[in-house]
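When the chains are written out, they are named A, B and C in that same order, and each has its own residue count from 1.
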Amino acid sequence: MATLMENDVFMAYTTYATIVIVKMLLMAPMTGYYRMTRGAFSNEEDVALKPVEERKKLLRTHPDVERVRRCHQNDLENIVPFVMVGLLYALTGPELSTALLHFRVFAGSRIFHTISYVGALPQPSRGLSWIAGLLVTFSMAYRVLRIALLL
Amino acid sequence: MATLMENDVFMAYTTYATIVIVKMLLMAPMTGYYRMTRGAFSNEEDVALKPVEERKKLLRTHPDVERVRRCHQNDLENIVPFVMVGLLYALTGPELSTALLHFRVFAGSRIFHTISYVGALPQPSRGLSWIAGLLVTFSMAYRVLRIALLL
Amino acid sequence: MATLMENDVFMAYTTYATIVIVKMLLMAPMTGYYRMTRGAFSNEEDVALKPVEERKKLLRTHPDVERVRRCHQNDLENIVPFVMVGLLYALTGPELSTALLHFRVFAGSRIFHTISYVGALPQPSRGLSWIAGLLVTFSMAYRVLRIALLL
């Protein structure tokens, strides 16, 4: 038990995995913020305290809310695989510098992805940051399969 | 290998992580149940056995189905991060009583979240149960970063 | 550390978990391919290089794109729980042959699920492949709870 947390690569994994998960979790309050400022809700019970005539108008979608939700969904599709493959990757005992390179590029690419998605920056900023993160995960998956293949 | 499963905190993590994952998995059959009873499907091949004139009518969304799907999505957004951060948290060797408190509050909050979402209970029941779960995950992430920070 | 990667069951888990995660990650480029060939985008910045009069027409949904996205979502809902429960399952020290049976059935069922979803094969091909994967995860969760229950 203690051995894992005394291992440098595993500690680096732990740090970056936690950072990107916390980043992903923060998308939910951000969605809530946009829902309230834009007045766009999904559930009747969420607008129950508003005047009756306003309620129906508030049960709608809003482009800004949908944008944040797509960004959140993209996080789920990319950060979750990174954290799961990264755990196995850290257990294969890579060099600390190589591992750190993977983790840092991934964390940076996902933070930049969020900025370019929510800020609607011109393409290919969002596309490139998404691909950078994807390539990191593929690179880790390649090493995992090369070292621990048992079919 | 054996050492992990002989560790009390890790066993507690294992138990609660499995419980909340199974809870999340059960949302899919629940969606299926609502799809069938409400007659609201997404795929043409799912209604291929119905009479031709009915098929088009069945390819629609229904508020009850969408509600269960939003609940399922919220589980993905919250339970998956809990399970991933919880693993790292369990490896940092917290007190068993503190760890159990985290795990129990999270599991309870998510079960209550599902009840209040699917049952459309008045707010803030759903909101508070969501926040309780989020705070547990943030608290675990804080300890992980405090103990195993290597940037 | 080294001990985990010298354990046969854990190596088998590592192999199959990585395979199904990579399969899930490939759904994103597939969505991108369908978006481009069908001309159906979600974000204004994604169509900024097109002639002005075309842009609005391209910001739409297309049945083929939505189908791939539903398949991707189903992967998130099923593959992520498999990878998380599978890790705990591997740590309970099951027989290698039993573990391999679980992992192989799951990986096969998810690959067949993708084929039958994207190819819109007649039901119950998609339904059965989904249930097969679900039963594997439940079977692993049952063993985990039987061996490591600490409430």
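Points to keep in mind about this one:
Keep in mind that, in the parts below, a contact is a pair of C-beta atoms (placed from the backbone, for glycine too) under 8 Å apart; a residue touches a chain by one contact, two chains touch by 3 or more.
Please read all numbers here as calculations on a predicted model, not as lab measurements.
Common neighbours of chain A and chain B under the contact definition above: C. Taken over every residue number at the interface, the positions common to chain A and chain C amount to under half, indicating a different-residue contact. Computed from the mean C-alpha positions, the centre of chain A lies at a distance of 17 Å from the centre of chain C.
In chain C, the residues that reach two or more other chains under the touch definition are 4, 10, 76, 80, 84, 87. Interface of chain A with chain C (complex): residues 3-4, 7, 10, 66-67, 70, 76-78, 80-81, 84-85, 87-88, 91-93, 120-123, 126, 130, 134, 137-138, 141, 144-145, 147-151. Chain B contributes residues 1-2, 4-5, 8, 10-12, 14-15, 17-19, 21-22, 24-25, 27-28, 42-46, 48-49, 72, 76, 80, 83-84, 87 to its touches with chain C in the complex.
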